[in-house]
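These are the structures in question, set out in turn.
Next, two complexes with chain A in common: one pairs it with chain B, the other with chain C.
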Partner chain A sequence: MAAIYSLYIINKSGGLIFYKDYGLQGRMDTNDTLRLASLWHSMHAISQQLSPVSGCTGIELLEADTFDLHCFQSLTGTKFFVVSEPGTQHMDNLLKHIYELYTDYVLKNPFYEMEMPIRCELFDINLAQAIQKDRVAYLGR
Partner chain B sequence: MIGAGKMKQYSNVLDKPLSKGRQEVSFSGFAYLFSELVQYNQTQVDNIGELERRLEDAGYAVGVRVLELLCHREKGNRRETRLLGILSFVHSTVWKVLFGKVADSLEKGTEHEDEYMISEKELLVNRFISVPKDMGSFNCGAFVAGIVRGVLDNAGFPAVVTAHFVPVDGQQRPRTTILIKFAEEVLRREARLG
Partner chain C sequence: MQFFGSSEISPSIPVPTASGNNGHMIYIFNRNGVCLLYREWNRPLRTLDSNQDHKLMFGLLFSLKSLTAKMDPSSAEKGNLGVPQLPGQGCSFHSFRTNTYKLSFMESPSGIKIILVTHPKSSDLRESLKYIYNLYVEYVVKNPLYTPGTPIKSDLFNTTLDQYVRGLG
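Moving on, here comes the complex of A and B:
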């Protein structure tokens, strides 16, 4: 059964604005998550420079033994990345869907300050629904 | 094309018939504009009550114009004189034109004679808005309450209109109720008319 372990959203300067844990390990320490986010931000930027081909937009997929990391960067530099079980399919679509939810329930919220941590109830509710739907789809397969 | 008529050229712009206008606008466009309206007003006020009042005033201006426009377009310049008439006008016609659907329900208050309530599962203006916990019971539906107040006031039914969140069992998000409290004179006139 494919599973998502965690979801991160980082702003264009590399600061963590949203972190949600779905795994069984329990929530990671806040400082660790911030460090991880800025680490990924830097790696993503360096990869763009290292690439032998021009026009590289950064790392999209990182495959390791025990997890896969799928990353989606919007045109504005906001990065959405999800840590999932190795071999999980359709993470790109999920990330794009989450990006849509972000544009709807975070950016159209007058009480949200740009680049600040996301504390929007509607975003949480709809995100939970999206992840739930994804999981159910996998169970059915 | 055979038979295509030539559009009548009007020499005077005042003779041109009024266009129906575009029936739809971008929801996202409106959401961003409304978000900016709320943010702008937030910078101008010190407390939440003020913010609600400002949103209501903004809605009032809309209500005044909507009443004029709809009386001309939808009702052939007929004027509502009865309470139930104007309430169903707001509940159906105004809601249909502004939000694309009729309001969910119209109820008479049980506790007071002068109270009526229009309820919606979720106001269109609130669709993307999550109010932070520290703002208490603030509701951006104050804008819609202002629109209703504008319509009622200028139709000759002065009232105090407010927007409230009403928690519903079994649902995560509360329902929104627009509470309309009519002035004394309206009730007296209504009683006289029988």
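Moving on, here comes the complex of A and C:
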């Protein structure tokens, strides 16, 4: 059983720029992932409007019946979110690490165009390693 | 209580354990999206008028439910994104947390939605929501003068609810 089911990265206008599936159910339909990403983008924005106190930055953790969704928003509005098993800890660290990988291997790639889908080999390799490390840490507990 | 057998039936007030006043507000919606009850205890920020606010809240819950139903990693066949789900059908959610608040959500089999907004550090409030549902059943549903689907105007329910939420840790 994997600790992480899937990873999404969405740009500041709600477009899906990266999606990776680690679950057992197989890859979701591409159109569905795009829809889910933009739906999440708007739900994130609405949750800020409904805050009873000022300074809300949107949903960080959504606890569903069969999964947890951890979301991290960078200062520039790019959102990273992972779908994980319920009760998985330390996902914020993993998300910050993925953000670091994104800044190092995507943003510093001279051929990468901002806000466009991510196709960077080094990012894929390092991401796979990070997820693998996280999974080992999870299983080792 | 048939649906939530584990929780207490009698609406006697539990002794408040902590003196924390963590509750921000509560919403109760019926299955048609009518806001039956809205109470607030601590809400400094108001971005919309109340009617718009209720609509936005109901819309957020509706969309989040269709999002979780579609994202559910435990089943392969989930239908299309946004197909209407009956209460209890598909994967739902019980809470979400932002940096400023935590929203706990419960839906009864009859489609009554109870939403409690509290401090982000609040613990799991699923049992509390079931308790509030029981209060609703005892004080509202069993009230012969209450017409289903209309806003709740029961002082007894309101005071009991206020007292209960104030006692939440």
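The definition used in the following text is that the second predicted complex is superposed on the first by the 139 of 141 C-alpha atoms of A that agree within 3 Å, B and C clash if a C-alpha of one lies under 4 Å from a C-alpha of the other, contacts with A are read in each partner's own complex, and residues count from 1 in each chain.
Rule of thumb we're sticking to: contacts are C-beta pairs under 8 Å (C-beta built on N, C-alpha and C of every residue); 3 or more make two chains touch, one makes a residue touch a chain.
Remember, it's a predicted structure, so these values are computed and weren't measured experimentally.
Asks: Is A:125 contacted by the first partner chain B, the second partner chain C, both or neither?
Replies: First partner only.
Asks: In the superposed model, which partner reaches more residues of chain A, chain B or chain C?
Replies: C
Asks: Using the superposition on chain A described above, determine whether A:104 touches chain B (first), chain C (second), both, or neither.
Replies: A:104: touches chain B, not chain C.
Asks: Thinking of the overlay built on chain A, is A:49 touched by chain B (first), by chain C (second), by both, or by neither?
Replies: A:49: touches chain C, not chain B.
Asks: In the superposed arrangement, does A:72 touch chain B (first), chain C (second), both or neither?
Replies: Once the two structures are laid over each other on A, A:72 reaches no partner at all.
Asks: Taking the complex as given, what residues does chain B use to touch chain A?
Replies: 28, 31-32, 34-39, 42, 128-132, 135, 140, 172-173
Asks: Quick one: which bits of chain A touch chain B in the complex? Just the residue numbers, please.
Replies: The touching residues are 104-105, 108-111, 119-123, 125.
Asks: Okay, in this complex, where on chain C does chain A touch?
Replies: 24-25, 40, 42-45, 47-48, 53, 56-57, 59-60, 63-64, 66-68, 70-76, 81, 91-101, 103, 117
Asks: In the complex, go through chain A and note every residue touching chain C.
Replies: 5-6, 23-26, 32, 35-36, 39-40, 42-43, 46-67, 69, 83
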